[in-house]
Amino acid sequence: MYKISKENLNALYAAIAGGNDLFLPVKNAGQTNFGLWTESADVDIDTLKTVKSAKDIFFPQSESLYQVRRQDGKLEIQGEALREKPFVVFGIRGCDVKGMEVLDKVFLSDPVDGYYAARRQMGTIVSLACGRPETSCFCKVFGVDCAEPAGDVVTWLVGDTLYWEAKTKKGEALTEKLGNLLEKADTADVEKEKEKIHAIVERLPYSNLSLEKWGAAAADQNFDSPLWEQLYSPCLACGTCTFVCPTCQCYDIKDYTTSSGVQRYRCWDSCMYSDFTMMAHGNNRTSQMQRFRQRFMHKLAYFPANNNGMFSCVGCGRCVDKCPSHLNIVKVIKAFEKEGQ
Amino acid sequence: MRRIGVFVCHCGSNIAATVDVKKVVEMALQEQGVVHAEDYPYMCSEAGQVRIAEAIREHQLTGMVVCSCSPRMHEATFRKCAERNGLNPYLVEIANIREHCSWIHKDMAEATEKAVILMRAAVAKVHLNAPLQAGESAVTKRALVIGGGIAGIQTALDIADAGYKVDIVEKEPSIGGRMSQLDKTFPTLDCSACILTPKMVEAASHENITIHTWSEVEKVSGFVGNFTVDIRKKARYVDMDKCTGCGVCQEKCPSKKSLNEFNRGLNTRSAIYTPFAQAIPNVPVIDATACIKLKTGKCGICEKFCQVGAINYAQTDEIITEQYGAIVVATGFDTIKLDKYGEYAYGHSKDVITSLELERIMNAAGPTKGHLERLSDGKAPKEIVFIQCVGSRCSDDRGKPYCSKICCMYTAKHAMLIRDKYPDTNVTVFYIDVRTPGKNFDEFYRRAVEDYGVNYIKGQVGKVAPQPDGSLLVHGVDLLENKQILKKADMVVLATAIEPNADVRKIATMLTASIDTNNFLTEAHPKLRPVESPTAGVFLSGVCQGPKDIPETVAQAGAAAVKVIGLLAKDKLKTNPCTAKADELRCNGCSQCANVCPYGAISYETRLVNDHGIREDRRIAVVNSALCQGCGACTVTCPSGAMDLQGFSNRQLIAEVDAICR
Amino acid sequence: MQELIVRAKELLEKGEVARVLGWKKGEQEYDAEPAFFETAESLDNFVYNGFCGANLSKYMIEAGKKEGKTLVFLKPCDSYSYNQLLREHRVDREKAYIIGVGCKGKLAISKIPFDGILKVSGAQYPDAQEILTVETLYGTETIPYKDAMLERCHVCKGKDHVVYDELLGESADTVDADRFAEVERIEKMSPEEKFAYFQSELSKCIRCNACRNVCPACSCRKCVFDSTAFDSEQKANTTSFEEKMFHIIRAFHVAGRCTDCGECSRVCPQGIPLHLFNRKFIKDINALYGEYQAGSDLECPAPLTSFTTTDAEPGVGRG
Amino acid sequence: MNKVEEIKTISGVNPLKCMKCGKCSASCPSFNEMDIKPHQFVTYVINDDVEALANSKSAWKCLSCFACIERCPRDVKPGKVIDAARQILIRQRGQEGLSADEIPALLDEETPQQLLMSAFRKYRR
Amino acid sequence: MPVTENWKPTIVAFCCNWCSYAGADLAGSSRLAYPADVKIIKVPCSCRVNPMFILRAFEKGADGVILCGCHPGDCHYSTGNYYARRRMTLLFSMLDYLGVEEGRTRVEWVSAAEGVKFSETMNSFVEKVRALGPNVRLGDLRCKN
């Protein structure tokens, strides 16, 4: 284990950024999101939750796939280059790291998504333990230990000191590169920090949600529940929950005409939208209740059914914070929990 | 996938000299969907159209673009050509590479590049054009003529004689207009009333003509073939059906101090009056601002003396609504106000008068019973000076920039008449130019000089100074002699500029007919469509379109009538198919579009809609395509884009934008 | 709050209304959600406190499609939105029973700057306190009620409802700021500063459409930005200022119709002050075409569907 | 700048607008004193003969009463043209005009005030 | 796109069919030159121009957009340009508010008889846009590669 004092972090960032792109939480107009580090960037690793997760570093909100040009009456197709430059994501929390695992299941299983795979390959994840978990956090429910997140490197911010521990080969390579910026440290402070965090997690209101009613079996059991009709009604059909979610992975593919031809790109889509998966014959889910149900059933029933029980929720709580109508997955889980009693 | 043909016209050298037409053809063939492109010296020619026809057949075109002159010139030509050859006319677009390109650019490379872009925009639009079918609307076989002067009367008579109903709306108590105020007419010197009155009588007695005098047009809605017009019939206070026109009321009326409008305010009339003896209808009106009974409730003398009980003080304005297929504007003219011409002392001296006032003075029914006398002292003038171009041909804000056209001739007429009737009265005319184009016009003017000894001096008058002895000192100049002239005169007559009647702007707005900076109504084309307004179904007759003398006015009145007859002879009109249409799946039924529709073409109905499986009753906008004129105001008001305009759809316009900006 | 429940139960039991549209208790005090109540028992979960900021008027579009009357609770500012929907034939007045509820200013949990909030006291109606006490995982804190209030409440339109069947509860005067001060501040900036400001704010936009979907004026069945027919569909964000089209057009579409209810800014997950777009139009409309408050009545001509012949020319105010 | 342009710039007059109506000459109180008449001024400008205009008697006979300027229907304003001709001359000669201090000495009962004012306008700019 | 001396702006001019398009025709038949940068799109009336078209033009790479219609009061459809006037007044005010350069947008009323005005308007508008340089602020970066 290594450590570096907080005041030297800028030097650390600069060192990481040499040869890598460095993404980390940056504050812009009052909000913190992952962004590219520059010398003038307002780095903010104190904010627990970035508004959007770190998902869009690996799976951008919109990305070009290829361009079609018309040359002398013929079409010429040029694919977008895959990520070649290595990059580092710093300050990613345990829940978001877990979110990457979910995305991997989608994008790295056959057929592999080349764009995503290239980014995963080139990216090194430096996670950060959560010193002050929030009311809306319930990562524990999904087996995430926010005191000891996964990642190529795990870091802890204890007081004015950042502790650094490489966990993988990628992480070790990065650590090596940083040379004597990091100094050796013992683990005592970190152990104490973990204990403190675990104690807080126990006091979180949603830490003990029961997932008994969920999992693969729920696909049949819960689909026709009358609860959906009650739960969905305040839903505005906006995409806030999907866009802040670290695991939502649906996208749409569209064309855009530019001065140099047609650009085909993909962009995040939301199952909450009425035109989601709209096809020539219409829509396979016509009511908002169906769309609302889809989102939660996907996260808590269909996904585990297809992925050995792995839920596609990581308990980050962003949707709990951001839903304009204060609807969220916690309320859904609790409603089904009560139903049984 | 569209199969588009692009036809590039050289227009002789009009286009080809500045635009590389071969290059445009070459670039057109690069465009998606373009299966054929060619250039030709004159696409609009018979031979050019044959080539288009062949291309349509050979390449089975489903859309075409003609790169040529403005669509205002030949869009109709090419659309008809397409239609004849089995291609819907609305699948044709014009790229205007002449007026908007070759004629304004000098550099060939630059002009060619622009022509290519304009071609691309048209091709992009054609991709999205839909075949449209013109609808039909019925024609109301009745015409409205606004204004009952010689122009309006002649137009109405010609239309009526062709067998169609015509209504004349005249704001004065009688038809007749300016011509009824004139004494004699040039160049024949026949009596104005003698030739006008028979026409007035003919109009009044014509079975197809309805005359609304003392009436004004209040509101116009609808469109060509189907106008709906509200006419305000002002309270006359005299029952038209009962009155016999005996005239006793006018004699007995104690309120006699109102200025006589017909005599240009040179004398007074009673509160109940007919403007002149031959008035049609010969039914008086009561001037409510002068009538003692109407103002104070006391009097009622006319009622007492009226033997048929025609007086009705309780009458009020009445609005009648009528349907018309065509509207003719014949609102005529007035002389301009002279308050900005202090140097001519008009208004300071009673002996400085306008020519129109002289007409009344010379007229036997006028304020002096036809005796030429000074209004100040009643004496016969021995020296009369005429000043030409008062307020005409002025580039400052005091007058009008145009030539009033009639002044040279009527001044010659006045001078001649005076010299004829009063040989010992000297007449001097100060002129800038004497303009006498017209049959027998110059001869007429020369007679004034040669046979009647009228003294024509070239040079504008600078000032008219009233003298203590009652005479007028005219400061003039003789430019040919290069001498200044100071001339003592007993009377000065100003050839005052004429201008369109003050009401014409209001009427033009109601009709949405366009009007120029001088308030003359604009013709659809200055040479080829001189009696039509750009607004379909609205025609122009007389001076409202531009200065004219009587024969020209009558000729134009007849021309306007022919256009109206041509329109009314049709049972159906093809309507513009480029109308708005609401997409029922996206319409919110919010009514915003109806609020901006100038034609009331949008209504709402609740109907069952199947929106991708959701079936529900929805309030949906419905456009009446017979009423819609295709302005597109509704389309922008519609936030969801449900309302769209056929032929100028959102996607078509965006495609053009994209093509230009790419 | 209790009186609202009593009255709602009464109307429900008498059969005068088929359902009640109000706010339902959430997991915390501050996450009440809009909800339909169809039985008297379910009303036990009804809540009305300082955190019930959600404007319920837009839900009345859907409610209007259901059988029978819906009782809806509208705060004074919500009633403007309802009126505007009424004017646009989007709701059926016959199918609504409107109780105008009092409002003492609504709170935003995001404005309470403490981590790990567990409990907030002082926001309970009708006994809202001047100081809120906030229990958190990391200790107890206090904050003045006013400091935690939504921006819109600082520039409140007033305590009067513009449409209602009956009124319940008292309102408080919460105005302590000038509605147009922020717009004016931006107007005074140089073009470069303005652009930098909006670029910074709009670059946060994630196109989640929360602002649009919560907006009572954005009640289109199919938004142009979801519609391929106009070739205006937009889902992606690709540039630093890419959302301008969406936000400018959205503001334009609601210009003259936006009641300034402030829901757009309340729900934006990225905290973009979206009301500054709408308020700019409102300010311009007031200055150029006369004072106009959308939703205040059903008759007077709307600014963008009317005109005078002497209106200002485009570009008015430019140098 | 040549003289023609100069005179156009000083006077602000477009001589081509003149339609030769003669209203200026009819209005001019100094007409009989002038060798070149007011309606002819523009002709000299058009014919590029500013020299003759500047050296004419008219240049100094114009009273600057502005009657022609007021009444000109074509916005040609001969008074301004002749004034501009004078200006050109004065500029050539340099500063040797009447100054305000000299006026009291020149005053006498017989001299109309208007004449003095116009003289001042003419000679002192 | 770098600003070079040879840089030419892209200008979209929306012209109503009845007045301004005819005014442009008159400018053409009178041989009154204006820069070839101006490309005219015909619309039936100025009220047909949706603010979206204007933003779209900018997004796709236009450097200036001008809207021409009949003079207020002279609209062929009687009221269209009055609505257009309000819409554009508000839109332009918003664009100014967002920091878009004022010279990039303009509305001008040009009648069918005003060929001279059309040409002068286009000349002055293009001059202004040229001075401003390429439109960056409203452009969509996707169009600029």
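Note that the chains are named A, B, C, D and E in the order they appear, and that numbering of residues resets to 1 at the start of each chain.
FYI, contacts are C-beta pairs under 8 Å (C-beta built on N, C-alpha and C of every residue); 3 or more make two chains touch, one makes a residue touch a chain.
Note that the structure is a prediction, hence the values are computed from the model and not measured.
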Inset, instruction - Supply the minimal count of touching-chain steps required to go from chain C to chain D. - result: 2
Inset, instruction - Give me the fewest steps it takes to get from chain B to chain C if each step has to go to a chain it touches. - result: 1
Inset, instruction - Could you see whether A-B or B-D has the larger number of C-beta contact pairs? - result: B-D
Legend entry - Greatest separation from chain D - chain, by CA centre: A
Inset, instruction - Average the C-alpha coordinates of each chain, average all protein C-alpha coordinates together, and give the chain whose average is closest to the overall one. - result: E
Legend entry - Chain of greatest Cα-centre distance to chain B: A
Legend entry - CA centroid of chain A to CA centroid of chain B, Å: 71
Inset, instruction - Would you mind pulling out the distance in Å between where the CA atoms of chain B average out and where those of chain D do? - result: 45
Inset, instruction - Compute the distance, rounded to whole Å, between the mean C-alpha positions of chain B and chain E. - result: 31
Legend entry - Whole-Å gap separating chain C and chain E, where each centre is the average of the chain's CA atoms: 36
Legend entry - Residue list for chain B, restricted to those that touch at least two other chains: 596, 637, 650, 654, 658, 661-662
Inset, instruction - Find every residue in chain C that makes contact with two or more other chains and list them. - result: 222, 224, 230, 232, 238, 304-305
Inset, instruction - Name the residues of chain D that each touch 2 or more other chains. - result: none
Inset, instruction - Could you please specify the touching residues of chain B with respect to chain A in the complex? - result: 29-30, 32, 612-614, 658, 661-662
Inset, instruction - Using the touch definition up top, name the residues of chain B that touch chain D in the complex. - result: 343, 389, 393-396, 398-399, 432, 458-463, 475-477, 479, 482, 484-485
Inset, instruction - Would you tell me which residues of chain E are touching chain C in their complex? - result: 51-52, 55-56, 59, 67, 72-73, 79, 82-83, 85-102, 105-107, 137-138, 140-142
Legend entry - Footprint of chain B on chain D - complex, ascending: 17, 19-28, 31-32, 37, 39, 67-68, 70-75
Inset, instruction - Quick one: which bits of chain B touch chain E in the complex? Just the residue numbers, please. - result: 70-72, 96, 98-101, 103-107, 110-111, 113-114, 117-118, 121, 509, 512, 514-516, 522, 534-535, 578, 596, 598, 629-633, 635-637, 645, 648, 650, 653-654, 656-658, 660-662
